[in-house]
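Below you'll find the structure I mean.
Order of writing sets the chain letters: A, B and C. Residues in each chain are counted from 1.
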């Protein structure tokens, strides 16, 4: 199964921020998209996940066409994104943040809540166990009962990853997971992503930081001025002259 | 019996006023990013200032300038004392504060000028008859005032550096930081301009109908509806939508009755949000 | 004096019901409802008109609440999917349209004249203190039930979701849940409470007219929940207390200073509500107790 993106285009006032992008992302591997600031990477994510309406093009996940669907329907199809600036539920505890991401809860409908309290209790117990396991996996148990707004930047990135895991998504889209994260935690995050991938979750990662990404991914696409200018294995892509020009000539840092 | 054509003509006059108010709303919405509920009461203030100015100077034109100036000054005061401090907070903070500003302006007007209705001293003029349609010279003058105001506003927006900066910020707020535009300067220009436009709009309504502490608040809903219909942040769209709304309101009055005029704005508002939330000319979708 | 205190307590309990509805909508879910008085009006007029038709108060009250909630449904469906400030505008517009309708449809509502002679409740117990106490008891019971239900909701998965929506709606969408579904339900629940409040108000005051349902009422409730501390049931209670002190205090002031006319006093009241809204959003968004969350 794969996420298929074809001819995806978005323009703002004549400027094509995402220009005829065509890529195929397997839901088994770890795929990277790199590019200098302003290349259109985050816009591409928003187009894929439905947060911005595309001018043209198609997105499908497996056999499901996602065009025109609202973000939550796309997420339910099995593809969940995180945000460049973490969007934790600030006043909820880390534990509650994770629990709120569990899909299909009877207790989330008023009728279910008041008419079938037994079922709600049973489901809540199952969710609590899954949350505990996720907290443990991400090494967040220590901060589980703190308000999420007070976490460090790196912890928030872990929490976002954790919420995505709670949904049971097949493909997780990470928007600059390493930005503003200290090197130790980057290693930690990379290790978790690898481990999850080994267990069957696919990743599509946008990153500015080439070093961390190239060690992580099996395939890489390079974006510049809205277009995909190169695709391939990390080593092939990084030795491509067009890529070196876009990155080094464009003023982006090649770490 | 008023003919259909006369109703439509009336609609153009009130539509131009709604358009002015919607312009003030859409400028603030596009640049300061919230629906300014004080717009209506700044109009009221403009009307009272114009009334006082006309009384003092004996000139309606000078009175109108008083109205515009008072609107601009109150806009600036509101920005400096309240909205400037709410930058970076959620939109509900600015929304609530604008309701607070609206109430305070109305309270001051109520205490200062009383709750009775006041009228501008207008000379009685016989209406002209053009192709069997009665045209009031006053209406023609008011239209001229609105058109001149619009010309000035669009000239400021398109021909001056500060106007270009305002439009740039409206298009992309993050642009302001990277391109060296001073946000404070843009904001002050915005609030002065929006205030002056509201002041003129209030004066025109006051001359066309009556001046009372509630007059501006009653125009807030049509102004919001026109601003959203025209596409938030789209100055030209606000005017076109305002005129359209004005004509619809007047033409529909014989069928739905006088009191439901304002309700029509609400119906239009719901219809726009249902069918096309980004408005007729808008580029920014209402959905986040 | 006892009669006065009971009267104050009854009106306070009506306001608490309104404040609880807004706490659920804004404080817990982040819905910017600027048209609360519209739902209050729907409840009040429904109860008054059904009483005129000879309905028993119990089904009439239920109908009043359900009608208010039903009025909330289409509003929410149209605008709660959009930017949060669009709902502020739409709800404000709704409350003004409700006022226009009850002003214009004279055949039904007697227009600006208003509906007089709405029967008091529990007159069978004896007019005066006994029936007022019974009304107060029922109001307190309804408030207690509302608070119980809200507590239950907050601690449930549903409550977790609405607080998540308040904190970050985009994240909720990104994780596969439809915020609009939750928001419409919360809006209707809050409107239900406002509808009940309206029914109690109509029967207690005995006379309703369009000018009792102006937007000022909505923003008095906003003032109350912000002063008391947004998002907490205790905040709604504390805020309503402050609101009642303010309203009664200003009435008392009028008695002492008879040279201030009623319309002037109305302007002063309006100005103070406006000033309070500004000062609290600017300096104490967490209420007088401070802390809690910023708006």
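The definition used in the following text is that a contact is a pair of C-beta atoms (placed from the backbone, for glycine too) under 8 Å apart; a residue touches a chain by one contact, two chains touch by 3 or more.
What you are looking at is a predicted structure, and each value in this text was computed from that prediction instead of being measured.
Inter-chain contacts peak for the pair B-C. Relative to chain C, the most remote chain by averaged C-alpha coordinates is A.
Taking each chain's centre as the mean of its C-alpha atoms, chain A lies 42 Å from chain C.
Work out the mean CA point of chain B and of chain C, and you get 30 Å between them. With centres taken as mean Cα positions, chain B sits 44 Å from chain A. With touch defined as above, residues shared between interfaces to two or more other chains in chain C number as follows: 170. Across the assembly, chain A contributes 51 as residues in contact with two or more other chains. Each of the following residues of chain B touches two or more other chains: 288.
The residues of chain B lying in touch with chain C in their complex are 34-35, 37, 82, 85-86, 89-93, 95-97, 99-104, 106-108, 110-111, 114-115, 213, 221, 224-225, 228, 257, 259-260, 262-263, 265-266, 269-270, 273-274, 277, 286-288. Of all residues in chain C, those touching chain A in their complex are 152-153, 156-158, 160-161, 163-164, 166-168, 170-179, 182, 185, 189, 293. Interface of chain A with chain C (complex): residues 49, 51, 70-72, 75-76, 80-83, 87-92, 96-97, 99-101, 103, 105-110, 113-114, 120, 123-124, 127, 163-164, 166-167, 169.
The touching residues of chain C, counted against chain B in their complex, run 26, 30, 32, 34, 78-79, 81-86, 88-90, 92-94, 96-97, 100-101, 103-104, 169-170, 216, 219, 222, 226, 263-264, 266-268, 270-278, 281-282, 285, 294-295.
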